[in-house]
Structures are given as structure tokens and as C-alpha cells.
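Letters are used for the chains, namely A, B, C, D, E and F, taken in the order the chains are written, and counting of residues starts over at 1 for each.
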Amino acid sequence: MRPSGRTPGQIRPVTITRQFTTHAEGSVLIEFGDTKVICTASVEVGVPRFLKGQGKGWITAEYGMLPRSTHTRMRREAANGKQSGRTLEISRLIARALRAAVDLKALGENTISVDCDVIQADGGTRTASITGACVALVDALNYMRAKDIIKTNPLKHMIAAVSVGIYKGEAVSDLDYPEDSAADTDMNVVMTDTGKLIEIQGTAEEAPFSFDEMHNMLALAKDSINELFDIQKLALN
Amino acid sequence: MRPSGRTPGQIRPVTITRQFTTHAEGSVLIEFGDTKVICTASVEVGVPRFLKGQGKGWITAEYGMLPRSTHTRMRREAANGKQSGRTLEISRLIARALRAAVDLKALGENTISVDCDVIQADGGTRTASITGACVALVDALNYMRAKDIIKTNPLKHMIAAVSVGIYKGEAVSDLDYPEDSAADTDMNVVMTDTGKLIEIQGTAEEAPFSFDEMHNMLALAKDSINELFDIQKLALN
Amino acid sequence: MRPSGRTPGQIRPVTITRQFTTHAEGSVLIEFGDTKVICTASVEVGVPRFLKGQGKGWITAEYGMLPRSTHTRMRREAANGKQSGRTLEISRLIARALRAAVDLKALGENTISVDCDVIQADGGTRTASITGACVALVDALNYMRAKDIIKTNPLKHMIAAVSVGIYKGEAVSDLDYPEDSAADTDMNVVMTDTGKLIEIQGTAEEAPFSFDEMHNMLALAKDSINELFDIQKLALN
Amino acid sequence: MRPSGRTPGQIRPVTITRQFTTHAEGSVLIEFGDTKVICTASVEVGVPRFLKGQGKGWITAEYGMLPRSTHTRMRREAANGKQSGRTLEISRLIARALRAAVDLKALGENTISVDCDVIQADGGTRTASITGACVALVDALNYMRAKDIIKTNPLKHMIAAVSVGIYKGEAVSDLDYPEDSAADTDMNVVMTDTGKLIEIQGTAEEAPFSFDEMHNMLALAKDSINELFDIQKLALN
Amino acid sequence: MRPSGRTPGQIRPVTITRQFTTHAEGSVLIEFGDTKVICTASVEVGVPRFLKGQGKGWITAEYGMLPRSTHTRMRREAANGKQSGRTLEISRLIARALRAAVDLKALGENTISVDCDVIQADGGTRTASITGACVALVDALNYMRAKDIIKTNPLKHMIAAVSVGIYKGEAVSDLDYPEDSAADTDMNVVMTDTGKLIEIQGTAEEAPFSFDEMHNMLALAKDSINELFDIQKLALN
Amino acid sequence: MRPSGRTPGQIRPVTITRQFTTHAEGSVLIEFGDTKVICTASVEVGVPRFLKGQGKGWITAEYGMLPRSTHTRMRREAANGKQSGRTLEISRLIARALRAAVDLKALGENTISVDCDVIQADGGTRTASITGACVALVDALNYMRAKDIIKTNPLKHMIAAVSVGIYKGEAVSDLDYPEDSAADTDMNVVMTDTGKLIEIQGTAEEAPFSFDEMHNMLALAKDSINELFDIQKLALN
């Protein structure tokens, strides 16, 4: 039923390449099938003004797509002079999810800036970004430990994310672009490796969805995210 | 337990004033307790360029807050030269929800522009906006029918929205500002009056939430939204 | 002669509602007939950089219109990414007029930010803004006295404003939109309750105006503004 | 009494140099003492969208100051990414005044774009701009006549402008910078050579002004503007 | 003498990977040592407005750097709301150089948009961009031939580029970041494979350079660029 | 052969007027035939943030064109909300060239801001700007010496610039607009009066250029720039 021939709960092959670029404290290339995102985590001393003097750190995130990461070329946001609502929304989602994974007090007055840049898009770029960014974040935190910038590990739990949806009336996991553009409903789920939810965003694209459909999607998401935790852990060892 | 003395499932008094201003085809003041939003629906001939010639209409939405609708004055976005990510995210949510309520084919090549301007904020402005905008939209569609701009009623179902959350460990409905700023989790739910979901956005603010907590929040949301449908219908008669 | 049936010197019914919203130190809804403006005055500690250390306060003002406050929807300035020349010009006028009413030394190093947001427009929005903003300013100054932020009352005199013009060859006061859009000349006058002028801006829209016509307009303005001072005082008691 | 030793009604030496630059259809350098402004009038085929098909022309104006035209360097507006409220306000004033001098129907569907760029500022730049721009406009209209772009002369009357004010309690004409920065009141007056008013903008800078003071300022303005008409005519012959 | 141990005329290892991403008609990853740039060439029907109806095509280029492609994180230009002067200058250089390689008439009314995005920077990003972009351009032109969009090959000659400079008093080729930041002079040279110059930009960073030094740099550039043509040709076979 | 009748190496009449405007510490009008540029140098205490505390000064430059300095009116960059890539590129070139002429240490923690505003354009505006700006810079440095802001003269050497090109197959110096718009190649050269190169930027506009052509252009540039040094020195005595 799925264009890719996958079973409803089957995610695409996922690979995580650490140290993908050399300058960032954490640098990961994450691939969900043909979706490829570079996630870097940059450690910076100091915090934004609204946090100064509170002894807490901060995590920000910015998301972007290369102009020709997509089927047809998109205008470059830097040339447009502004980021789209979609870009800002995804940036906010990534940052919020990562902050929920970290004890900001343990981070001290330091900032970790995460950049997720999509070099090739085939659906699920925001959930791939979160999943990859968490690994880059771990590397950045390890760097801070190694450099004695922080005393303890601020990571409370790993996080990972997947998109699920209703495609041709059935719940499926990890939608690729052909599925995503035809789906009735699209839901992004972010979870912790302790089995709890960080974020859930479900949207009726074509038709409202029932409570039952929501439960089916969530069940798939939970299983897929558990697979992602295994892949993250493998990459980190 | 709640600062307002409400029971967990109790929403604030909601009032809907139609024809609040005179120029818009639909103009509604909606109040959820101390949260007050002006929602207007403006009928415009034509559609954005990407839709031209397809015989379909379009619905857009923009959200804004008066600078002193909040406890401390916010900078005016028009003076800043850009809308915040939060503003764009809420605008996109309102538009998406309203489009899901309407048969865009039946709308013809016309656009309805919805503006939701918060004049006083006390939590839940985005869900109040959606609930009020739906009534303004109905008035605009009735205007189009009366003027013979459209032949049939494009409305597929009413929509309404409420925010729910986990406050002091318990699920509560229709959070006001004191609850919202202290909640562990915040979830916005948009539903149809046919009992289906249009949008669900749950966010762990302080702590991840369990599947059980999610179900408890959703159950409250369903009941509260049903109350809102009654209030909408009363206003429309 | 006038579309509304008013006599040349007759202003529209004016109502002033204080404490219109709850957060601002001064919050006024002013209505000149169908023109409705929310005026808030926000007290903020500190002054802009160019004034620091001089022991003086500052008053700023920003003016805006809701997109559908007008007959046809205007584009939202925040979405456009800039304020129009008209908006900035009116904002500057309001701020200048209010500063002329206040002893900035007596204000201490504090700033009062005034926001005038038009929710419904039917001509005369800038003069309604000034007249309403002065009442909001008084409330904000009273708040500062009550909180011991200032020792003395910095208000030097009340100010109020009206638009006058030449309509069908005759001087008339308080033009509504049908008159305003057809007037030969339009003049905005701001005065003190001590009978002096703060600002006078007369513009030939269709035809140059004579010195005699100017005097006729000014005479009407003086009478109308005196009526406005009575209405302000009534509202403040 | 005046820093320059001038009598209250005495304007500075005014010179008008036509064909100051070679490309523009009208190009004038106007000097009011040390205030120097380049005014060009550019003829362009076509009109802005809102006027298309109405058989009328349009006149626009833009005002700017070279960054070091002033005592201390101002930031370049092009580098700032926006024009200040003051710049936009003056641009609007110049354009409005020039449009009031021309029969737009007789201009056909053509646009004249006027640029007033201050190369040296010593007070009164906006009124110098208007006075010089009118001469550049005449040259541009003559060019259009010579090229048979228009059939009749669209000029209804010449316009000129001067600033007057209350300086040390006395009405004076054509304020230079030392007077302008110390004046109690500042008033810009634009008149036609038929003795009528186009625009009057009086502002209380330090203290409100009386009706008597206003009349004194206007009387000086009338005389000074008549002198300016003589200088314009001399330059045009 | 060189930090990398290279001889003065020795360039870094250069690799060119075609079809690096899947959507673009031409997509190349070019590596000059640790400098890595993704170059895509996107074919679009139509030309910018200023070229319409002339039967000619157009080539544009945009350059960007991922925020953490550098030693310390740079602010994202899309978030800043504008591209830096450096970015625009390099974009213009790349586009100009590519246009000089193509017969725009033979391209028909089509546009090729080239994007050069630096994912890792170690000096020489602009010359690497040009060298890689030329290969992506060839792939895009081949695509157009294969799809019968064009009848003949518009490529007039291959182009390639290298940076040369005076480092510690001696001319060296292909400066890496440690050399670039310490060089007295920096010169970017773009040539055709017919031995002619397309662009030469030499800049005294620390000290003026003599005509002799210029000739030495040019001689190195010529040899290095010839090596690059071999590498391009190898990649294209 | 040249439209102006000049010999290949002949530059246009060049005049330099110092103290052209009164406020700037250095103010020069430079004319290369019909190209006219106002160059001002403004002395400001302090340096940009990235230089603070290093005991060094800074020189910045901004370039602009009046909207009707050209054959057809260009849009005003301040109204557009951004400077073009060409403007930024030229601004960067001027600043870089001037910094190469000055010992920034000897300047102390002061900034000289140079503004080059083209009031009439006929080719070669950027090289005229550099040549005129150097004279304005000398005046500003002399002002600083006279005011004891600096102890020694920071000027290392004079700089001047000319554009050369290949026009109808032959190398020519100081291209005017008709030559510039038809040239095959255009090269801007900045030199010191000690006979060294500061900047060389050669661009193939229509056809690639040979090494021989480059040498011919450079030889002309050297001679022309020597003439410019004589003219600068004459102006400074």
C-alpha cells in the first residue's frame, strides 16, 4: 500500500554520522532514507539577556533548508530578508524539545546553539532534525564535560521524534514525501527514552481525524521512536 | 486547587458579541473570562496567485496582540519590522483550522481574510481566536450567500478550540494566565462539532507527560469544546 | 448640508470609557461617533539612551489601525514589515502633543508609552487618539503618584484635538469619513485647556484655502475643543 | 536679537541654480544661506497602479539628507534599512504640496518623481526643498511640453515655502539652525503665488503658542514667500 | 614554510562528487582540503523581467555559509534579515563568472540558478564555489540537452578559480584558512580553459604589493587552475 | 576611436574642491569629467565593538548614488529598505583601500567614517570616490592633528584609483559611461604613491581577456594614477 513498499509501522533506513563537519562541538549528519539533515551544536559562553544572572543556561535552535533541497527550488530565506512562518515554527519546536531534555541549571550560564540544515528533503525533516540534534547535543555536552565547563551531565534523557499519519485510511509511520503530500492527517511526536511525551502535533490536512485514528498513530509513533533510540545509542557508542 | 476556584473541567464564562465593529462582513468580540479578542472576517474577490484558475477559494488568518494587552507592554510588531515566530505560528494554526471547516471549492475564487486581534490577554488567546473566528466566518459566509457571491453554504462543520493542561499534577481545562505560566504541560485542541479532531498540539513545558495524562487532557477538552459549540450556536441564533 | 445632518460647528457624540482594559496603567476607549480608538498609557522605568542621566522623563506614542477597522481591509503593517509614512507621522504627532502637556523633569527618569489602536475608523482618528490619550495619560500619572514613583503632578494642562475642514465651501468641525474624503481642506488642531495652540496642521486637499477660511476653521476648532475638555473632565470625575 | 543679525522678517540670501546636474529633466540647487538642497524632477511614463486607466498623472517626492550634511554624522538611512518617520513625513509634505500646484489631468498618465537631497543643512531644509522643487518641476513640465508629451501646461500656480517661528518671544522668518533648535514654536507655511495657503504646520516645541503669535508668524510668512516668488521667477527667466 | 607543509605552488587535494543531492539538475560537492561546498544548478523556465522577450537566458548565483561552517558560529543570515556585503559580493562574482562561460542566446529564455552553500570552511570558499559550480552547470546543461530544452550546448569554455597570495613574503597558491588570515595580499583568479582571464581580484590586506609580486601570483594561479581543469574533466567523464 | 576623442591613455579633466561642505572634518567634491562625487570624512571618538580596547582606530566607508545621478532614475535605496550588492561591494572596496593607506595604531581609538555620494554619474564613480576620499581623509587627519586628537600623522602614503578597460579591442584609461557600457573588460586599479598596488579588480564583461591585455591595462593605469597624485597634491597645497 505504501509507495515505498514499507509496512505501516516500518521506518526508513536511518543513519547517523557523527563528526560530520570539523568545527562544531557536536556535528551530525542524519539520514532518514532520502531526507538528509546536518545538525550542529555550538557551545557559546553566556546566555541571552533575559536569562543573565540566574545561573541557568539556554538552548536555541535554527532550522533551514538549502534552496534546492526540494523538488523545485525555493527562494533563499536570507535573500528574501525573512524566515517563513514554517521555518520559525520548526525552529521553535526543535529548541523547545531539546530544552526539555536538559537540566538548564546544570548547564551553567552557557548557551548551546543548534543548527539543523536540510540538504535533501523527502519528508519528515523536522523529526529527523530533532533526532539528529539530540546526538549533536550529547557530543557538545561531552565536550563541555571534557573541557570542565560543566561539572555534571545536564542530560535528563534522550529524545527522538517521528512523523506518523493517516495515509489512504491507515496509520503509517515515518512518512516520506509522496505519503506526506497525500496524507489525510499528519502528526509529529517527540518522546523521551523514559517513555513519555515531549511534544505532539497532529493536524488534519484533508479530513478531521477520529480519536481512534489518533491512538493508532500514537502507537506506531511509540514503537518507531523506540527504534530510533536504539539507533542513536549505537551511534553514540 | 485552581487559582480561580474553578473545577478541573470548568471553563471560564464565554461571551460572543457579533457585529462588534461595523465594516467587516463578520465581526466578533469573544471573551473567555478576561481574555478578549476581536475576530473579523473580510470577504475579498480573488485568490492568491498559487490558486488562480483552480476554481477554489482560500482562507487566511493573521493574529496580533495590542502592545498593552499583556501584563507588561510588548514591543509593537509593526514597529519591530517583523512578526515573531509565535505570532506566525498562531496565525498559521488559525488559518489551517478554519480551512479545515470549509469546502474551498464551494467558496469559489474568493478569499476570506480573518484577523484575530487580542485586546486583553489572560491565557488561551489562540483557542479563543479560533472559537470566535469560526463565528465571524459564519457571518461572512452568510453575507456571501445573501449577496449571491456563493450558491451553497461552504461550511462543512463548526469548529471550536480550548486549551487544556496539567496544572499541579492534574488535568484542567481552559487555563488562564496564572495556570498557563505554571503548567507542566499545555495542550491546544481544535475539534469539529461532529466529534472529530482538527488539530492537537501538546507541549511539555516543565516535565514530559505520560500517555495517561494526555488522555485525561483530551477527555476534558472534548467536554469543554462541546460547551463552546452550544455557546456559538446560541450566539448565531 | 452635512451628510450626518449636523450643524457646521457640531461635533459627534463623544464618549470616553476609562479602565477599558485591565493591564495598562491608563486605558481608555474613546468614541467620536463611529470612530473608536483604544488608548493605553504604560509606565516604564528608565528612559531612552539619548536621555539617560539627565533627570528627565519621556513620552512616546505609537498609532495603529486594526486591518479591518476601515471600509476595505488594509494590509497588516506587522506583516508588511514596516509602518507606513502616515502611521509614523501620526505617531509622532501624538507623542509631540502629549510631551507638550507634561513637565518632563517632574516625570523623573521614567517613560510613558502611549498606544492608540483604532478598532473602527470613521474619520478623525488622530484627533480622537490625542483626546483619548490625554485621559489615559492622566490615569497613568495618577497611578505614578499613588505608587510614589513621582512626587508632584507633571501635568501642565489638559490637551484635546479636533479636525476641522472646508466641506462644500463651508467650515465644519469634526469631519466624519464621508466629509473627510470630500473636503477641500482638512485641518487638525491641538489645544491646551488654557486656550493656547499645541499643533496646527492644515492641508489643501483639493483647493488652496484662504486666510479667511483658515480663521473660520480655527474658530470652530476652538469651540469644539472646549466641548472636548468638558467631556474629558466629566470622564475623569 | 537674531544670531545672524537679521531683522525679524528678513530671510537669508536665496540662490537658485538650474541645470545643476545633467541627467534630470529638472535639476535645481537651492541655497537658503548655508542650507543647500539638490532638487531633481524626473519624468517617467506611466502611473502607480492605483491610478491606472484614469487618465491622470501623479507626482511623488522623496527627501533625504547626506549623512554628513549635519553637524554630527547621521546614520545613512539606506544602511539602516529604513527611512525615519521624519524623512517620510517631509517626503509626504513635499509631494502633497507639489500635487496641489498641478492639474493632474493635464499631466496625462505620466509621473514626475521629485528628489530633494540635502547636501548641507542649516535649518529650513523642508521649506527650501519645496521652493526649489517647484522650479525643478517647472523645468520638467517645460521639457514635457517641448517633447509633446503634454499638450497644455499643467501648472496651476507656483508654490513656495518658508519656516517661521517664535524665537526669544518674537516672530521671526526663515529660521536657521541656531534659531530652530532654540525656538519655542516652529511653523512651516506653503503658499501659492495667488496668495492662498497650501499647507500650514505649526508645532509648539517648548511652549504652547497663542492665536496672536500664530497671526504674527503667518504675516511674516506671507511676506517672505512673496520674496521667494520673485527669486523663483528671476531664476526661471 | 607553509603551515600545511605544501610547496608554494601546491594546491590541496581536490575532490568533486557529482549527483551529491538528488533533486537539482546539477549537484556537486567540491572539496579543497577541508573546505567543502555544495553547488547546485537549478533549471527554471523563464527569465527575470529585465530580459523578457529578448530570446536570451540568464544565470544567477547565491552563496551562503552554514552558521557553523566556521571556527566560531556566525549568525544565520536568514535570521538577521539580510545578507552581508561579503555574501552579496561573492554571489555576484560567481554569477558573473558563470555567465562569462555560457552563450546566453543558446540558453533560450531559461534561467539557471546556482546555489553554493559552504558546509565547512577552511579558506578559498569563493574559488571552490566557482570551480564546483561550473561542473554543476555542465550537468544542468546536459540535462537541458537531454530534455530537448536547448538545441545546442551553450558552454563556451570551462572555468575554474583559485586563490593565491603573498604569505610570509612569498607567492603561494590555494591558501587555507591559517594562511589566508595571515597573508599580506590575497588574489582570486578565475580563468577559462582556453588560457584567458575572466576575473582577477587582488587585495592588499596588510601591505601593498608590487607588480612583480602580482606576476608571481598570477603565474602560480595559471598553473593551479590548469590542474583544476584536469580534475573537473576527470569528474565529468 | 574614443567617443570623447581622448587618446587611449588620456584621463578626463579632474578637479578637486576641498571644503565643499562645511560640517565635515574633510569634505571634497571630486569631478572626473561629468562624474561628480561628494566625499566627506567624519571624525568620531571610539571604535566599533570588535576593536574596543586594542588601541587601534578604524576607517569605514559608505557609497551611495542620488536617485537621479544616472540617465534614468534609480529607486532610492533608503526607500527600498536595503542597499544593493553593488553598493555594498563598492563601500567595502573604498573602506579597504583607505585602511591600507593609514596606520590604524597611530589613529588611536577613533573612527573616520567616509561617505561618497555620487551626485552625477558618467562612469568611474568608484575610482573617483577613492581618489577624492583620500583627500578628504587627509583633511580629517590634519584636523585631528590640529585638535591634538592624534600625535603623529597616521598616513602611510597617498592612494588614488582609476578604471581602465578594453574598448573596441584596445586598452584605454578612465572609461566614461559610453565606453564603460560597451567595454569588453573593465579593471579598477588602486595604487599608492610609492608605486605599489592596493587593489586590482578586473572583470570580463563581454569576452575573457588575455594576460597581454591585462598588462596593457595595468601600464595605462599606472600612468594615469601618477597624474592623479599630482592633482591631489596640487589640491592639498
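By definition in this document, a residue touches a chain if its C-beta (ideal position, glycine included) is under 8 Å from a C-beta of that chain, and two chains touch if they have at least 3 such contacts.
Molecules present, by chain and UniProt name: A, B, C, D, E, F = Ribonuclease PH.
Quantities reported herein were computed from a predicted structural model and do not represent experimental measurements.
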Practice task
Treat touching chains as neighbours and tell me the shortest step distance from chain A to chain F.
Solution key: 2
Handout entry: Shared interface partners, meaning chains that touch chain C and chain E
Key = none
Problem - Over-half contact-pair match to C-D, picked out of the listed pairs B-C, A-B or A-E - result: A-B
Handout entry: Distance between chain centroids, defined by C-alpha means - chain D, chain F (Å)
Key = 33
Problem - Centre-to-centre distance between chain F and chain C (centres being mean Cα positions), rounded to whole Å - result: 50
Problem - Chain centre separation (chain B, chain F; CA means) in Å - result: 58
Exercise for the section: Any chance you could list the residues of chain E touching two or more other chains? Expected result: 81-82
Practice task
Starting from chain B and stepping next to chain C, give every chain of the ring in the order they occur.
Solution key: B, C, D, F, E, A
Practice task
Using the touch rule from the top, collect the residues of chain E that touch chain A in their complex.
Solution key: 21-24, 27, 34, 36, 38, 40, 42, 44, 62, 64, 66-73, 76-83, 87, 113, 115, 117, 119-121
Exercise for the section: Can you check the complex and tell me which residues of chain B touch chain A? Expected result: 82, 84-86, 88-89, 91-92, 96, 100, 157, 187, 191-192, 194-204, 208-211, 214, 218
